[in-house]
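Structures follow.
Shared chain: chain A. Partners: chain B in the first complex, chain C in the second.
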Partner chain A sequence: MQSRNAGGDDVLLDVLDLETHFYGEDGVVPALGGISFQIRSGETLGVVGESGCGKSVTALSILRLLPKLSAKTVGGEIRFRGRDLLKLSEPEMRLIRGDRIAMIFQEPMTSLNPVHTVGDQIAEAVQIHTKASRSEAMARAQEMLRLVRIADPERRVNNYPYEMSGGMRQRVMIAMALACTPELLIADEPTTALDVTIQAQILRLILELKQRMGTAVMLITHDLGVVAETCQRAVVMYAGRIVEQATVRDLFARPTHPYTQGLMRSAPDPRRGRQRRLPEIPGIVPSLREPIAGCSFAPRCPYAISICHEKTPSLRDVGPDHAAACWRSEEVVGA
Partner chain B sequence: MVAYIIRRFVSAITVMVMVGVFIFLLLRLSPGDPAAVIAGDSAPPELIAGIRQQLGLGDPLPIQFVLWAKSILSGNFGTSIFTGRPVLQLVLQRLEPTISLSVLTIIFSSATGIAFGTLAAWRAGALVDRALSAFAALAFSVPVFVVGYLLIYCFAISKHWLPVQGYEPVEHGLATWFAHLILPTVTLGLGYIALIARITRASMLEVLAEDYMRTAAAKGASSFSMLFHHALKNAGVPILTVIGLGFAYLISGVVITETVFNIPGVGRLTVDAINNRDYPVIQGVLILASGLYVMINLVVDLSYTLIDPRIRY
Partner chain C sequence: MTLVSAPTEAVPISVLRTIKLPRLAKRHPLVFASGGFVLLLILLALAAPLYAGDPLNVDPFKRLQPPTSEFWFGCDNLGRDVFARTVFGAQISLMVGLISTATAALAGLLIGIISGYNRRLDNIIMRIMDGLMSIPTILLAIALVSLTRGGVGILIVAITIPQIPSVARLVRSVVLSVRERPYVEAALCGGARLPKVLWRHILPSTIPPLMVQSANVCASAILVEAGLSFLGAGVSPEIPSWGNMISSSRIYLATAPLTVFAPGICLALTILAVNLLGDGLRDLFDPRSKRRG
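What follows is the complex of A and B.
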């Protein structure tokens, strides 16, 4: 088993065997098949994986923001500073959302309410979680806009989202998320929808503010390059499971899961700039609808032997603060 | 914005002219001698001649129309054949009960309809939602007079909680005024509530699935704030539209409700005028009601800008 106390005691978020299912017309989809990972105070954890592997579902499960009718977290624990979020009442959970755990979404164009000014929307977060008066909250909103480097914040607080560009709206989302100085910021592909020229700026802004506020960040991304540049540790997901987790240095030096290796082998040439999407690995991503026997990566895996098709490997320590879910990790690393 | 208002005004005037032509022709093109039609079956020839004189029926149609329109624009809607009093005066006298009933109904139905629709959308698929849908279907299909007599039977005859019928002006005291209007308001409002609730539910369902609703939840907003602060304003344009369009439904409902509850309002005036073939009164009421309808919808269109900042004219 993977050791639970790896790397110290300052664990902010401890996710244990988290299982989330979707209920569709054609049956149950186990979007998360029991994932475990930790985030320590102040660190940046990268979460990578191909589209549909469950990154967003993980984020939404933590904040309990899954669509009520079609999804449910059916098992596991989400310990935030020792308290299991899954056991909290809805009002208790509301006190945590936006105040102690905040989230930035992928789509800045549609994630702001079109009929309220951006100032109102930032101030609202402040007023929900503090006793601030409206004018104090608006002052805070202006201060946050300045912090995320929106020019002319005095005027911009009164803007509606449609009066702003995508990059500016994402800055507003960041301002809103950080207005109550949360302990954890979940950023779900915060730059994917933006212009390439703006992506780096937004990323740098998040990291700078995180540093200043001491916030831990769970950075969901398609981009291994971003993980290498910005994160201390990383989690690699495949088909609703974590297949490898390690410090970023270790992950790049000694990728131990064939899937991680595949991702890196086809990683973009740094001289040609960063790639937006993860590179293609031969084969297709398995459908979560049909139950998978054995390792879900086995059909695409060059190392697969018979056990891989029969039994699902669990995460095992392969080094200090480094775990992989692979029956053949020794051979994989040695190769 | 100013240009838009002017444009809307011009189109409103065009609509009114068309309504005017229609109402004008309604009488003149009906088979037979309009004067005889107006005067009724066993009218003496002198009366028919007098009416012919009053309507200027000897002139060519276009001239008749211009003269007719001119007098209406100067506030002269003609005189009632039955009572011999100016039509405008008759309508103004009957205005208070009708306005009381309409305004109360709009307030009551909008509040109830929006609340029901919001609740149904929030609990979509659940028992409350299905119960409300069933209620809406029923409320929309049962005729106004059936509802009216049923309510009178239950609340005024079986239990003597509310007056059976009639109207008390405001100056006789707010409490009696209100007591007399409760049953008529519920009667008239039921279908309107169903209409508003349906549109609210559909519009809210769409809005609740939007990304910004998840953002609001991620901030820690309460369900109440999510529904009424974040969602309702976004769902508002179709709701406001149906409230405006439903006004036509309200106008026809007022006539029936006033008859059922014996309220001496413009609706009753109209029914009486039709029974008496009092054409000048019918014409006057038709013109005033159409004018009101056109104006309400103009106000509704302009108020879109208040709820959605992206709408600019």
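What follows is the complex of A and C.
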């Protein structure tokens, strides 16, 4: 059905029909309605979508760090180097977290503990997964700070987070995440909380370190520009499902799902000069509380026909390494 | 007793590590002065045998004697040295106050952390705490003392138990707010074990509010000890304690006022200092409360 040329490729993470539900007071919310994607070793995969479409839930599901009482992964597989993470015990999972899969968060201001020095916190991450002594771990912390280009790491290692700016703190977070040279780095909107000039620096840093360490990156963002610049492949999510996945080149050249097209149209394009008003996608994201019949994008879709309101489309190949979940993708491409 | 609100921001306890005395005196004179006074009191009480006379020596010829150069505060109704008794009384008051505070703080910390992290136990523990909170301290103490042979140990237990819930609630509230912080999630993401996360990332945030609350607990513990001794449910009458000194001398208030005022004023000053220390610490840890006030 969908593009899954797992054959010769070195598949690092293989997510299959992942379903995660949230349990609220007013019923079950299917936050992830069965998503499948792959990340190959060393590649950068962009995960795009608007707020609440399930990007972060996907990340937390992979690391099995969903809030215990209110959310649960109810179906699917998460194969990491062939092992299903969902079947591992908690101690086995702890060995993977931080060591082989690391994560950086959106909020550098609050992701560091204010009561410990940054060196302490990086060293802690190192010591959890290696037998390094305290002084070896601190040396590694210093080395990592230098690697993320913090000036004067000998002194900065003893800084408390409040003594650093947002950009520096995000660098520290990156240092912490990469301290154990993980195979996969999940970056959950790593630049959203930073100002634009710093954003570019941080992204460049992540890419450079990724290249040097051979780490694959899953970059969660809602910024298509970031995806275009940094990723090899991208996944577009809408209402807890993947609506399109393709190589970045293909995605921008031939967006095949009406939602992706809408997203691209609503991004400002400096080449077109001043625009009067950016086109927007009419309507709002559907509430996941009520069951959705048919395609979840149908109510907002200019191409919707009767089948769209009745049956949910699944991802279908529309080209090499390019799949879209749309009943009318053939017609949509040309539009 | 005022309940301290949990700080919404994690207060860097690193403040404590970097405190320098001259700076503390300048920026937080209240903490400096009251803390200094409390320390002085403790030292004076500990060193009592070095400079004060025998508090137990009875001399009927010196009954209710006014102050002299030998007996600075005069003598009580049995001719005992009021100064010596006041100073040795400080030992009992401070010991009971500090030990019950330390016990209540430790027990409350443990219960609060467990309760804040385990939702299932939380319900049970907090209902027990609600129950404990409803027991009047004085009644519990009188009951315990009359059921047992009494003594300082029982007194400390009786004072400690009703103080535990307030500490436990406070710690629990801090844990509940801190456990949702991104850095806790980040630590879990890094593969850290839960006990380690509790110790390294959650416990430190509970210390500043715990210290403030402990000062309040300590002040009320000292006061309750004095009250119980005054009522005769505390330490036995021959052992000097501020409460039973006031109690045994109160009928001589007109003839020998110092026999009542000496322990009374000491008690008042001690409690004032401990309370001010608590207030000062709160301002020190939470700069916003000072601006508001």
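General remarks:
Methods note: the second predicted complex is superposed on the first by the 320 of 335 C-alpha atoms of A that agree within 3 Å, B and C clash if a C-alpha of one lies under 4 Å from a C-alpha of the other, contacts with A are read in each partner's own complex, and residues count from 1 in each chain.
The rule we apply is simple: a residue touches a chain if its C-beta (ideal position, glycine included) is under 8 Å from a C-beta of that chain, and two chains touch if they have at least 3 such contacts.
What you see is a predicted model, and the numbers here were worked out from it, not measured in a lab.
In this superposed model built on chain A, chain B and chain C take up the same space, so to speak, and clash. By the touch criterion defined above, A:128 lies against chain B and chain C together after alignment on the C-alpha atoms of chain A. Residue contacts after overlaying the shared chain place A:306 against neither chain B nor chain C. By the touch criterion defined above, A:287 lies against neither chain B nor chain C after alignment on the C-alpha atoms of chain A. Of the two partner chains placed by superposition, A:158 touches none, neither chain B nor chain C. In the overlay built on the shared chain, the residue A:314 is in contact with neither chain B nor chain C. Once the two complexes are overlaid on chain A, the chain A residues touched by chain B in the first and by chain C in the second are 63, 65, 69, 94-99, 102-103, 105, 107, 110-116, 124-125, 128-129, 160, 162, 173, 176-177. Residue ranges of chain A in contact with chain C, taken from their complex: 63, 65, 69, 94-99, 102-103, 105, 107, 110-116, 124-125, 128-129, 160, 162, 173, 176-177. By the touch rule above, chain B contacts chain A in their complex via residues 124-125, 210-212, 214-222, 229-230, 233-234, 307-310. Partner chain B is touched in their complex by these residues of chain A: 63, 65, 69, 94-99, 102-103, 105, 107, 110-116, 124-125, 128-129, 160, 162, 173, 176-177.
On chain C, the positions that touch chain A within their shared complex are 10-14, 119, 181-183, 185-193, 196, 200-201, 204-205.
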